[in-house]
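Following: one structure in structure tokens, then a few remarks.
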Amino acid sequence: MEAQQPGGEAPYLRIESVNKRFGDNHVVRDVSLGIARKEIFALLGSSGCGKSTLLRMLAGLETPSTGRIVLDGEDLATVQPHRRPTNMMFQSYALFPHLTVEDNVAFGLRQERPKLARDAIAARVGRMLDLVQMQRYARRKPHELSGGQQQRVALARSLAKEPKLLLLDEPLAALDKKIRQETQLELVHLIERVGVTCIIVTHDQEEAMTMADRIGVMSDGVLLQVGTPDEIYEHPNCRFTAEFIGETNMFNGRLESRGVVCPDFPTPIAIGPAAGVSQGSEVSVSVRPERVLLSREQPENGEGGFINRAAGEVTDIAYLGSYSIYHVRLASGRNVTASVPSARWGDAAPPTWGDPVWVSWKAPAGVVLSR
Amino acid sequence: MSGRRPFMLRGRFWVGMLPWAWLLLFFLLPFALIVNVSLSTADLAIPPYVSPLHATEDGHGVELVPDLSSFRRLADELGSIGEDGADLLYLQAYGNSLLLATLTTLCCLLIGYPFAYHIARSRESVRNVLLMMVMLPFWTSFLLRVYAWMGLLDSSEVGLINQLLLGLGIIDTPLPLLYNTGAVLTGMIYSYLPFMVLPLYANLVKLDQRLLEAASDLGARPITTFLSVTLPLSRNGIIAGAMMVFIPAVGEFVIPDLLGGGDVQMIGRNIWDDFGPNQDWPMAAAVAVVMVLLLIAPIVVFNRSSRREAEEQP
Amino acid sequence: MSRSSSRWGAHSWLVLVFAFLYIPILCLVAFSFTSGEITTQFDGFSLRWYRSLLEDGEIQSAVWLSLRIGALAATAAVVVGTAAAFVLARFRPYFGSSFFAGMTTAPMVMPEVVTGLSLVLLFTHPALSFLGGRGALAIWAAHTTLCAAYAAVLVQSRLREVDRSLEEAALDLGCPPFKVFFLVTVPVIAPALVAAWLLTFTLSMDDFVLAAMLSDPGSTTLPVLIFARLHHGLKPEINALATIIVAIVSIAVLAANHAMLSSQKKRVRAD
């Protein structure tokens, strides 16, 4: 099976049925993936899901147990890591502590065969340090730099050899939260300016959604879903993705012709078109908190007809400025989370603890997932 | 593809072979030779033994004809315990060695643990200076440090301690301080103390101060905190230090020879004498084999604790 | 109040133990300046024993031999020990790896008399005459074996602290495995290698038992000579020698400590 590309052209990097076992431990299970030239792709998953092992196989630091990795028409399986046209930025940055910033950046260039001329190396190092705005610190040792500066040197070092594929292992995990958010977009702009194909491994969904053109969600060694950030968020194809990416309300029930029969609701839950799920099977319905409407009065059926609603009581409110998170307990005892914009209430007083309220959502907001 | 050679195989192979080959030639093979010689017959030759490995009569093979007389000598001593006038030369030496090594280990632990603990708990700048002061005697000549004790303990009126006590009028005649078991024990504690302090320190300095604070916050008294938190956590350090002292102390030769005079028999001296003046190499080898057998358990314990200590490092 | 009294107890314990460690050495040093013949009686200040040390050719050649054996044994031990440390810290467990680990550190605790005896049997074995028999070379090999164990332990603990991604990064940047070791690993663990060299050098300089068992008449190391002199009449000349050794070691340790502290300070300032 050939991995499909959004543009339809043949993918630049093809990962074909790659498996990796460490003894009895099956870490990467039959992963196939195609990535286009100049694409920024994020592998997203919690720690231990196999994403880092997949990245290390691309770098050549691990050998796949079975499967092929083809980059720009070249099969990388038998190519040793130091001969691969890939470069990696390590989570710890792995800056050589005994070398200055410029020697770190020059390290890879000095390994090129045939040898590069001394001034050619110096010129390239200068360009790279300019790119990451670290020219002033060229003569410093890594331990004399801040975390953000180290990150930029590591990036310059991994870009210096103009790799066909740039691998970023948790590129921002070592930074403070504030610097991290600033750096996300900066890093994307830089990668786009250089025009390198890039794979980012991260456990931070916000980072993945900010930086990547497409995201691959991994769990337990399996690549569950590949798609653009909004596809992944709005149309998750499985429970894991729906719960891992953002918050969601998950209702379990059985799919019937009238909708999903769920013990928490007196009437079946109305849903949009449910593809690939057969009648009578056990399913889950995922509803994002921002799709849940909150009102004091019982909501009317909209023009679309189907609207799901239930009465409940406010048990908790988290006021977060522009919006608030309401926790509503339904009559069945089931909790529903709703994210409500603060402007929603206008001049009226918003509901508070213990108030009776109605929760509702439109039929298409509920995504049906097989169990 | 899974059968592909690991990329570092060739370089790694040679890196691994160097220490293996070295230890094979200079540690394992010599050990096999000790066992071999312990089963040989003493002889007036160079080297002074006849190997128990003989060519078979047809000239095609090798057969082992062990001479067990050295081991029989040790077994006879064991059998003659309790008899009048029994010659227990080796047995007494073994007993003495084990006893002195145990005493040395205990004393080093009692002196060294609070010592290492207080160094580990002091401020970092002070800590480095103190540690350096522990190391310093350790880096100076061992023989000369033992020699210093010969002068301190000298039993005549020019012995330094005797001079001091005579001068202060505490004693009238010099005390016989040198050439007895006490002198040997003092010298051993003195020489082996750093071997106890350093592993203990390395362990105790890693101890998270917050654990102790948590324990006292939970209402534990200092002594309870020590017994229930500090002591169990420093177990590996105690084992490593104790074995670093005990094992070499059992085989110690120099200290009993210089400070013990003729009376203090220790197994290291017996091996030395059989190897040197007595020229009975099979006997020396047999005594060594038995000593190694006695020490196998502590050596295994030491290896396990030191490996655990190495792997627990952050 | 109990806190200050426990601190007082801690201080006095430290003082007592340090006194125990240092008084014998201070006595050695003090009596090296006596003008008399007795090593424990001060008959007036003089440097005569230093002068006689200068004129003692036997001691000088023993020192020279010990220095050469020490330097060569330390160098070989750091090479062998680093290779062993690399195997211990970096190789995945293989058949016999725990046996290897045990064997690597065993010479450290094995009673020297046993190691010495076993090596004598090796070097005097009729079938192994190509090893050259007893002598300086045998002492060197024995010291290397003993010292390699210490070097392996020291280097291994440093290797385990090193971020493995440093080596992987070098590999990723196109550096062949063999070069990674010399361009990245060795510079990063260099302080541990220097420390291991210094430690094993002093171990070799200091060793008596192995050297005595393996020496032949032409290869008397300093400890072997000192031991012989301790048995045949003491003279304050030995004290003078001890004083010189103590002085050299103190200066070296102070210098090493100073270098370590200043590099640490530099690191702290960066943070």
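First chain written, first letter: the chains are A, B and C, and each begins at residue 1.
Following the convention adopted for this analysis, a residue touches a chain if its C-beta (ideal position, glycine included) is under 8 Å from a C-beta of that chain, and two chains touch if they have at least 3 such contacts.
Quick caveat: nothing in here was measured; it's all calculated off a predicted structure.
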{"item": "Chain whose average C-alpha position is farthest from subunit C's own", "value": "A"}
{"item": "Chain pair, most C-beta pairs within the contact cut-off", "value": "B-C"}
{"item": "Closest chain to the centre of mass proxy, which here is the mean CA position", "value": "C"}
{"item": "Cα-centroid distance, subunit A relative to subunit C, in whole angstrom", "value": "55"}
{"item": "Subunit A-subunit B separation of Cα centroids, rounded to whole Å", "value": "58"}
{"item": "CA centroid of subunit B to CA centroid of subunit C, Å", "value": "17"}
{"item": "Multi-chain contact sites of subunit B, meaning residues that touch two or more partners", "value": "7"}
{"item": "Subunit A, residues touching no fewer than two other chains", "value": "60, 81"}
{"item": "Residues of subunit C whose C-beta touches two or more other chains", "value": "177"}
{"item": "List of subunit B residues in touch with subunit C within their complex", "value": "7-8, 11-12, 15-16, 18-20, 22-23, 25-31, 33-34, 36-37, 46-47, 111, 114-115, 118-119, 121, 128-130, 132-137, 139-145, 147-152, 154, 158-160, 163, 190, 193, 222, 243-244, 247-248, 250-254, 258, 268, 271-272, 275, 281, 284-285, 288, 291-292, 295, 299-300, 302-303, 306-307, 310-311, 313-314"}
{"item": "Complex contacts: residues of subunit C adjacent to subunit B", "value": "6, 10-11, 13-14, 17-18, 20-25, 27-28, 31, 38-41, 79-81, 83-84, 86-88, 91, 98, 100-115, 117-122, 124-126, 141-142, 144-145, 148, 152-153, 156-157, 160-161, 177-178, 181, 202, 205-206, 208-209, 213, 222-223, 226-227, 230, 234, 238, 241-242, 245-246, 249-250, 252-254, 257, 260-261"}
{"item": "Subunit C partner contacts - residues on subunit A that touch it in the complex", "value": "59-61, 81-84, 86-88, 90-92, 94, 96-98, 107-108, 111-112, 141, 143-145, 157-158, 161"}
{"item": "Interface residues, subunit C side, partner subunit A - complex", "value": "163, 165-166, 168-177, 179, 183-184, 187-188, 190, 267, 270-271"}
